[in-house]
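Pasting the structures in now, so scroll down.
Below, chain A partners chain B and then partners chain C, in two separate complexes.
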Partner chain A sequence: MSRRLSAISARTALPILAILLTMLVVTESAWSQSRFPPPEFESGYTQPTTTRPHGRAGWADYTDLAVLAGALVLASAATLWLRRRWVIVLISVASLGYFGFYKQGCICPIGAIQNVAMAVFSTDGYVIPLTVAGFFLLPLIAALFFGRSFCAAVCPLGITQDLLALKPLRVPTWLDRALSLLPWVYLGAAVLFAVTGSAMIICRYDPFVAIFRLVPLGKIFEGFARNDPELNPAALSGRLDLLILTASFLLVGVFIARPYCRYFCPYGALLGLMSRFALKRVRITPTECIQCKLCENSCPVNAIRTPTPQAGPKERLAGKGSLAVMLAILPVLIVGGGVLGGMLGTTMARMHATVQLADRVRLENSGAVKGTTDASEAFRATGESAESLYAQAAQIESRFTSLTKPFGVGIGGAHLFGAFVGLVVGLKLVGLSIRRRRNDYEPDDASCISCGRCFATCPMEQARRNGTKVTLNQKSESCPT
Partner chain B sequence: MSKPDKKLTRRDLLRSGARGACVVGLGGMIGVLADHSDGQQMVWQIDPAKCNNCGKCATNCVLEISAVKCIHQYAMCGYCDLCTGYFTAQPSGLNTAAENLLCPTGAIKRTFVEDPYYQYTIDEELCIGCGLCCKGCNAFGNGSLFLQVRHDRCLNCNECSIAAACPTQAFKRVPANKPYLMKLAEDAE
Partner chain C sequence: MSDQQQIDKPDAPHATDTWRAIGFAVAAAAALLAVVAITVLVLDRPSIRGKDFLATSELAQMKSQFAQNPKNQPLAKQIRQVDLDLRRQYFSHLTLARYGNWLLLGCLVVFVISVKAALALRPKPPRLGAKQPDFLGELRRAHGRRWAVTAVATLMIAGAITPTAIEAYRRMTTVPPPPPHVADPALVAKYWTQFRGPGSQGRGAYDNVPLTWDAPAGRNILWRSPVSTPGKSSPVIWGKKVFLTGGAKDKREVLCYNADTGGLLWSTPIRDLPDSPASIKEPYEETGYAASTPVADDLHVFALFSNGDLACLDHAGKIIWSKALGQPNNPYSHSSSLVMHRNLLIVLWDQASLEDYMSKIFAFDAQTGRIVWQQRRGVSASWATPAIVRIGQADQLITAANPWLISYDPSNGSELWRAKTLEGGDVASTPAFADGVAYSICAESFLAAVRTDGSGDVTDKLLWQSDDGLTDLTSPLTNGKLLWTIETGGKLTCFDAKTGKVAYGKELEKVFNASPSLCAGKLWLLSMKGEMFVCQTGREFKMLHTNPLGEGAYASPAFQDGRIYLRGSKNLFCIAAGAQSPPTSQPAGQDDDGHEESE
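For the complex of A and B:
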């Protein structure tokens, strides 16, 4: 073979090499040129066709949607009617297997926020696949009727943390309330960056997805399905920053239950909003609360509100006063947030690759930095002018800083983001200044994630299951407080 | 498990009102999304017009072996004897000795067709998507070798981590029924 090769090469290599040398002189040009016209074969050779394997079939995506709907129904039934913690755990482990290790974390409703934002607001003409829209909507609808059963037993991220919450400590209420603002800020930022086409930060900084990809369940199943002898295992993404993020969330999650759900998850914020007005939500005691406080200690996420004493007329007046002040502050916070956000606009625009590239090229051209990056080299190879790149970058930056100019002042996405954060802080303050009277221990409307630990510990629930009747007398004996 | 007396309190009324507002809001959302949605799933693909074969595909995929592979569009190929996708730019001889070959994993098979033409076939089991051959073919040949996302392997991450690292922003979402961006339009599905 090699002798034949060299024999042919003697005849043919020289002219080809000559052409190649001229090609070396000519600059690298665009693709799909025929430097060497495709040959006309005489030996009856037929050209093979390039294979184009398809991905998952369309129906497989709808299967995912059906599994999601089924899991939501089961989880809601388990939290509201069946009221068995082990059933909730069973459903959640199954969901973790399917959405986590089999589907490897994509698509999930948390990330789908960005696709929805892109479809609704983006000017790039993004069309959202029906299944992704379904993944975003179904858990929200379920939350509006049955509370956050999605968080309890369907979300693979939540379940990972729930199973690892071995020694949950109590986060001080003031800290818990303050940190619970973060998911809204994260939501605003995720929408801003998605709509401007900059990045999908929810997916980029997903702390748990790496775990699902570590165990290549999906690939193994696919390998069996294709009868593929050599399985190509999926593996952990090698980015060190993400691995550190994963490890820290897991470690913190042992002592602070569900840290991502409570203080970061933007979808949890939306679910909490829906759950606040849910038709039916988890109740701790099936009959009558005996004020034993067992449930309060069982809740890993500080979501059980204790009874509040009847407010006197003086306290009521003070409460009304603080509510009035907070309502007055609200517009100030919104405007102030908007102004502050606008100041950050140019910085935030740097999340976009084109803006980054334009900055880099500008610095290189002015001689402020030495050397090039891959991106700036690739840009120079295209032969485009730097000015057109700057114009593109300025156009993207204007999405952040001046979309419209209502009063001669540019208002862009960054202003809206800032105003949104101001609104969220203001509404939180308003919410905190409203006193709500409670006689019994109740799960919080928004932050209860329906995990079912509270009713599993409730003595009244135990009594109901055993069929024993609890009389008032027994109550005072078992709970001297 | 409502209270024995079915009196409607102010709080209940507010809650029902807010729930109604949420239903209306979600309904509106469904309407807007239905207007902006499509039955097609979207998948990632490399635009060969933008790709510069930098090699980041091989290392940035979340899969251990990248979902991006080199593909060969035979209709564009010149079937060169001295293929600069197969041999290094300055081979010491036109033979399959290792020092002459470009592919780091030996994923390109060279078979004789007829004088003086050779067919080059990519063995996808071995290809790691480094793009060395594509770069060589683009620089001196017809550019019939180029990188594409292989959808039997791609996990279709919502944010593709190669796309985030791509220096030319060549990754884009394409509808799943036309998941490949071929260089020759007539060869496209």
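For the complex of A and C:
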């Protein structure tokens, strides 16, 4: 009876969770705080001056940096030396509590990409704070030495998804490889929009920040008074479409492990790149691989690479032919991407609020649309002329379409973004044409997130934990044949 | 039995099954509680989002009653209580939402922990990997993955191109909107459509206007019609219609008369505009409620009153759109008149002091009332009407207020040039313009001639300036060769427009509110007693005719083909040569009570 109940409960629990998550996110907007006029006092009562609490002390930001460094060290130790999943989970929960609910998801290394891009490329004189630079660099440096330990147990976005991956399904490899383009495209777009001052899209479309700001834990721990207005966070008065985005990622995350990490996270793309050169990486087996095939399907993110078969001369030639073709079309893709990107420059420029406003004012002035928007009315109230607005918009558009004119051809951010996407697609095709010889089951250097789930399936790991010794000729108890 | 089947072989009943069941039961309970909480929050959500919780009909009604009876203290107390109750209610909804979200988060945490714990009690055995394909199979799989990458890349490109393609298609297929309606400039020049006629310069285009009349005797008076509501605004004309505005404490209206017969065609009250002040501040006595002259085009007439009510009416008297600009902060009440530039209605809204920085100039779309552009002005309250003048191929909108004479591009409000020629006093005189030169005047400053082809601050580049003939109320008049000013006390001064030298000065010993006019080669001066002095235009003064109106006059005349329209203190007159209307019973210069009208 209890087993049947368990079976029924397992099947029904997940859909209920899915519904819960959706409705939870939708009601988050209940936190929205409206502004209202104060009462009209005629009795001579003077309304007290509104005060705000002091900002966070500067040393507190460096404390966060120190916590990040400590968490990275602990996560690396847990994945590479301790090799215990429960330790990784423990560190994850602590990281989620600190970087997620306490820090409310900000600042994070993912969003810091934009700040770094602005600091490097922008001409507006933006100076990146040291702590933001630290948040950006520390996980990358850790990945260079220890692999993606940041993803394993420090990133609150990844941990949220990891905890909710209750029934992860296997994504077909062809689809997985194809979708792995998206983080790079997102990275390029984020850099482009940040450098042109258009939008911080990584932050704007962060699907999990709404969860982190559900409760004002940070304010409570920092000693705010109970009746303090800061405890009624207005942060969740967000748009319904973004709340639906959150719900969607949470729902999908139940069945597809870490969807944001694998198919959208731009920082994950950089970490994966760094991780390829890591000094020390996660291995499934602590010693040698006995080819038992038990770990192959244990990875929720499809990061385990199987041994590759031997190839004869004819097969090697066929493989080389494919590679040659991909290398030949790589420059075509780069140039083609640049041209296509340039064609989309004007559309991409519309991400900038000033360009949107100029379009709207132009439509209103020409009579093509009736009525006004809050933004256009606010603009007209400034007294600034429409022509100067159009000039500003044109100048912003030129950042996308014609920053520089080598040989008389305008090249802007959009061209560079398109060329970058072409490069990414080309390199992906080249990567799929390169055959790497593998004799053992290994995690992929770039896509392994060091979650440690594969450890438990490996009989060699079991033997290490039990203190027994297994040789190739000896069959372990967990090996059925 | 296969390897995987061997691994998956079900075990015998396990002791952990009970704990698994408990785990799933706890999860189910957490889920149920969460669903209940979510339902309550969703139903409660409209109380928090999307509406002004204070905007209840009960409160609005009570406030409206209180506005009519501000001394009703019990009602005031009741309003405060209702307001407080509404705020308490709102915050109670917020508190419910806050605790509800804590509960939901807690339920989610319990749910996840329970499910994970239950699943961990019976971990699934690992699934064996499939047989690996040979090299050719691997090549085929790699080939398939490359096509998958290509497909995703193609989808991305399609997704990126789609908005651009849709936008391009929309632009191709969208019928461009018709150009904004603009009255025929030839007709605008033909009719007298605004204060002091075309360009607000007081220059009539007709040579056949009657030079003499006697209103009390009815000689050359085609008709006279009583104007029921008083006002200082001047008549404007389009076609066969004469438009006036009048205002009193309880009524502001636009009136329309038949230009041929003087019959009142319609009168439309302007009241109860949204956001109009509930109570109207009494205006300065000498200014009144309707001092701003309206402006008309072929479709509409626009009117502005002392309380900031602005209205657009069609020629049948129907209100097309209206706006309440609010009670202006103006010590002598607002009197700047409206002007038009193509499809834009220009409203000069100068108020308060220079330091208050409240002055503005607006350009409204004539058809819709939408603000097309507006500019803040660093000037104090003024009463002058802007002048829109043509200079070469471009137009300039010239405004006068303490301390700046400022010129704008009337199409977009961008500033062209400015000159500090009006510092120190109140400015009521509309700038004069001729032959590329603008003339500004202020009683506490000086008369200045400014070239209009400069840019930026041109204060140092004045053509000339003079301390003679300074007026506080009337506007200067010029034909490009000579310039005239008439002071309120009756001194007429004539200048050489090029050099600023005084040609002559003449004390007329009359009081003048109306600005001088030029028409049919004559100088027209209308005194407050309603006497129109027709003088020669030359470097010597010569009075040609004196024409009595029979009642006081403040407004400027309107010159049309063979006619002059004049607004007196009580009647609207149409003067035409050869006409004869019944004489009035009172001599000229007397009011209805038979008293001498004071100057």
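We take it that the second predicted complex is superposed on the first by the 403 of 481 C-alpha atoms of A that agree within 3 Å, B and C clash if a C-alpha of one lies under 4 Å from a C-alpha of the other, contacts with A are read in each partner's own complex, and residues count from 1 in each chain.
Everything that follows uses one rule, which is that a residue touches a chain if its C-beta (ideal position, glycine included) is under 8 Å from a C-beta of that chain, and two chains touch if they have at least 3 such contacts.
Everything quoted here is computed from the prediction, not taken from an experiment.
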Check the residue A:Glu42 against both partner chains and state whether it touches chain B (first), chain C (second), both, or neither. both
Of the two partner chains, chain B (first) and chain C (second), which one does A:Ala328 touch, if any: first, second, both, or neither? neither
Determine, under the contact definition given at the top, whether A:Ile141 touches first (chain B), second (chain C), both, or neither. first
Using the superposition on chain A described above, determine whether A:Val127 touches chain B (first), chain C (second), both, or neither. first
Under the stated touch criterion, which partner chain does A:Ala378 make contact with: chain B (first), chain C (second), both, or neither? first
Go through the superposed model and pick first if A:Leu164 touches only chain B, second if only chain C, both, or neither. second
Quick one: is A:Gln114 in contact with chain B, with chain C, with both, or with neither? Answer first, second, both or neither. first
Could you give the residue numbers on chain A that contact chain B in one complex and chain C in the other? 2, 5-6, 9, 12-13, 16-17, 20, 23-24, 28, 30-34, 36-37, 39, 42, 232, 237, 377, 381
Note which residues of chain A are touching chain B in the complex, please. 2, 4-6, 8-9, 11-13, 16-17, 20, 23-24, 28, 30-39, 41-43, 45, 47-56, 58, 61, 104, 106-108, 111-112, 114-116, 119-120, 126-131, 133, 136-137, 140-141, 144, 199-200, 203-204, 213, 218, 226, 230, 232-235, 237-239, 273-274, 276-279, 283, 286, 353-354, 373-375, 377-379, 381-382
The residues of chain B that touch chain A in their complex are 1, 15, 18-19, 22-23, 26, 29-30, 32-34, 36-43, 48-49, 52, 54, 56, 59, 62-65, 71-82, 84, 93-96, 112-117, 119, 121, 125, 138-143, 146, 150-159, 161, 164, 167-169, 173, 176, 179-180, 182-184, 187, 189
In their complex, what parts of chain A are in touch with chain C? 2-3, 5-6, 9-10, 12-14, 16-17, 19-21, 23-24, 26-34, 36-37, 39, 42, 163-164, 166, 173-175, 177-179, 181-182, 185, 214-215, 232, 237, 293-298, 306-312, 315, 318-319, 322, 326, 340, 343-344, 346-347, 364-368, 370, 372, 377, 380-381, 383, 385-388, 421, 425, 428-429, 432-433, 435, 456-457, 480-481
Touching residues on chain C, where the partner in the complex is chain A: 3, 6-7, 13, 17-18, 20-21, 24-25, 27-28, 31, 34-35, 38, 41-42, 44-45, 48-49, 52-54, 76, 80, 83-84, 87, 90, 94, 97-98, 100-102, 104-105, 107-108, 111-112, 115-116, 118-119, 122-123, 126-130, 132-136, 138-139, 141-153, 156-157, 160-161, 163-164, 167, 174, 176-178, 180, 360, 368, 370-376, 412-414
